[in-house]
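Going by the order they are written in, the chains are A, B, C and D; count residues from 1 in each one.
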């Protein structure tokens, strides 16, 4: 199982039946493909869809129907389509149960940085700030370290924040961690790794709820 | 011809082909019945209709389709129905060409008072303030004097204002008057009446553009 | 997730003292059946937010006549002399707003914002000095958002995900109130299964709706008011 | 009153220096034909307001590549590296807003209001001290309304009164821009006579629309982007 597959196959377990979920650009949008075809969920896409679903067959693909990442989606029965003001009203009114979102950095306080790397990458804000600030539950999907092996899970974010204290849970390729008043608590490990080795790859201090238990 | 008929039959001439018009509660809503059935106009009703038209035949009357005055209207081809926020956006964005509106008092500066008689009558504001303040052209329909014979066309309104300096034209049962920088100018008389007699029934000072001409 | 509720269960969620938005402009859009049940259950000290007070013996007027309403936030009650009299006697507090301002205050809450800057009524007696804001060289009136604990709405058609389609002039305040209230209860005579609507034609997406009450039929309340028929 | 215009006439109304809202989120809703004509006519010093910059060689990206655009007000241009490079070089000024804030700023202008109070981004670097307002004991960020001289929109269906119906995810910013711009130009492949729509299903009432341009057919611009198809 690849790093990506490990994150996604764990992430899909976060989606509870009957919920409304937004899947951010990048890793999160791929979570949809891990959902059973009959799973009871309404996927929100901030460009104006409630009830987006997996890509249609080629002959049914609609060039006027994409998700916020540009993918050609289909619609489930009971879907609705609406303008961007209504779409973000839904977000700001906290009618979304869960947003899964990517991160450049995430920290022990639940702060999230995912929109700007000053001087290097500044494609814009998109819907990230409102999703991060207003969704009832934010789960970050991220590799545990960047491609150079540097920690992405920090004591305190250094990049400009998307939103403060917004993250409930972090799912990396190595572990599932919850943001608590006492900092990050490791709930599950997704690979065989010692507490010490996991801590070594993490700048933020970790508490191990799994200590001596599951590995 | 009754007083009301005289006002309405003159008022209908204010409606230019192709325009969007709101007809306020009271006298103005009755103007619609003086329009030819094929007249090119879109009647706006602030409860969410563009393209309202005369009452349908009894068997086609729809209990879910009234105008802002409570009358059972029909719809013209090309009509649209929308929510109250869109309806008033249309008003505030000045997409209406004309509003005809009633008055308790109107004055030489184009000030309008039609929503409140303190201590006597206070049913609420309704859509009047936004219509008066934002429609491109406001024409007031009113009897020249109240039922006690007191002038309704004043030097300066005494009642709480609906909107300042909003009225372009006043059509009474006696005359058509325009609000100008030089005060009220009588454009037409609707009955045989001398300038002096008309002035005597009017608190505001009148200028007679028709002097020596039409009577 | 099915949002179907019985009339009784849906209304039982409302406590005394609640702030309740009620859809409808005159009769169209007024949720007469939800209101009847609220009269029957008898919750008191209610604050109502509705365009008007309906007419005597109809809709929200019954709640007011029944002494269940502490305060009414509205735009115009000219068709209800009884409620005007109660207001004048001080039996019910009435707060008036320009109609489009009431709509926009509700919509602002529905958009998750807190207020907006306008010039409507800025020169009139409805504007108090403390409502005025000087900002970037201009003066505005600040209108604050208006939210509610509950919204009671009527939809011509609904599915059990809460998607709503309105009819005629019954749209009016309903889509705005659906966005602005914390708990949205909708009655409908036509409850379908998801898939019964063309997705672009849904007026209120189900995300905003909490409870849908199917009505077996529409009572005479929903019919033509003979005194408004032009002869 | 018929609002039909030819492509050439409709776009000729736009002067250099104009502020132009452009509908569309990615491809859906982008008025490719109106934009092509604007490229052909060559007006310059334009300020564009659009969710994104489309992709290289498509839609508004062509106006930017052609040097016609002074400033772009947008939310995310991550799918257009060429425009990011031009921004970084200073060839085009780019102003970013959170997506829902851009939508709401446009909608606020469209509602005839002047600004709104929010908390989005209030703790982030996008908020300057001068954007903050202390009001009735709380602190808000003031977002000002964003209007435009023109809006260029694509509608799936229209009638010649200007009533519009959108399709799929092509609704996005279009109804908001129709309300917010002073002169609204719409292209459509399906122009009907009044009466072709169910009145409740009109997304944008004709009162907001100034010119409707019928398209004989949709070019390949409107088709599937193969690189977005998941294999």
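The rule is simple: contacts are C-beta pairs under 8 Å (C-beta built on N, C-alpha and C of every residue); 3 or more make two chains touch, one makes a residue touch a chain.
Please read these numbers as outputs of a predicted model, since none were measured by experiment.
When you average the Cα atoms of each chain and compare centres, the chain farthest from subunit B turns out to be A. Here the spacing of subunit C and subunit D, counted between their Cα centres, is 32 Å.
Taking each chain's centre as the average of its CA atoms, subunit A and subunit C sit 36 Å apart.
Subunit B and subunit C have Cα centroids lying 29 Å from one another.
Averaging Cα coordinates per chain places subunit A and subunit B 57 Å apart.
Residues of subunit D found to touch two or more other chains are 104, 111-113, 119, 167-168, 171, 200, 203.
Residue positions of subunit A touching 2 or more other chains: 81-82, 85, 88-89, 91-92, 134. The touch graph of these protein chains has some other shape, matching none of line, ring, star or complete.
Contacting chain pairs (ordered by label): A-C, A-D, B-C, B-D, C-D. Residues of subunit A touching subunit C in their complex: 17-18, 20, 40, 42, 44, 50-51, 75-82, 85-86, 88-96, 134. Residues 25-29, 51, 74-79, 84, 87, 94, 96-104, 107, 119-121, 123-126, 156, 167-176, 203, 222-225, 228-230 of subunit C touch subunit B in their complex.
Against subunit D, the residues of subunit A that register as touching in their complex are 25, 45-49, 55, 58, 61-68, 70-72, 81-85, 87-89, 91-92, 122-130, 133-134, 160-164. Interface of subunit C with subunit D (complex): residues 104, 108, 111-119, 133, 135-136, 138, 140, 142, 144, 165-168, 171, 200-201, 203.
Every residue of subunit C that touches subunit A in the complex is listed here, in rising order: 1, 110-113, 159, 161, 163, 179, 193-195, 197, 199-200, 202, 205-208.
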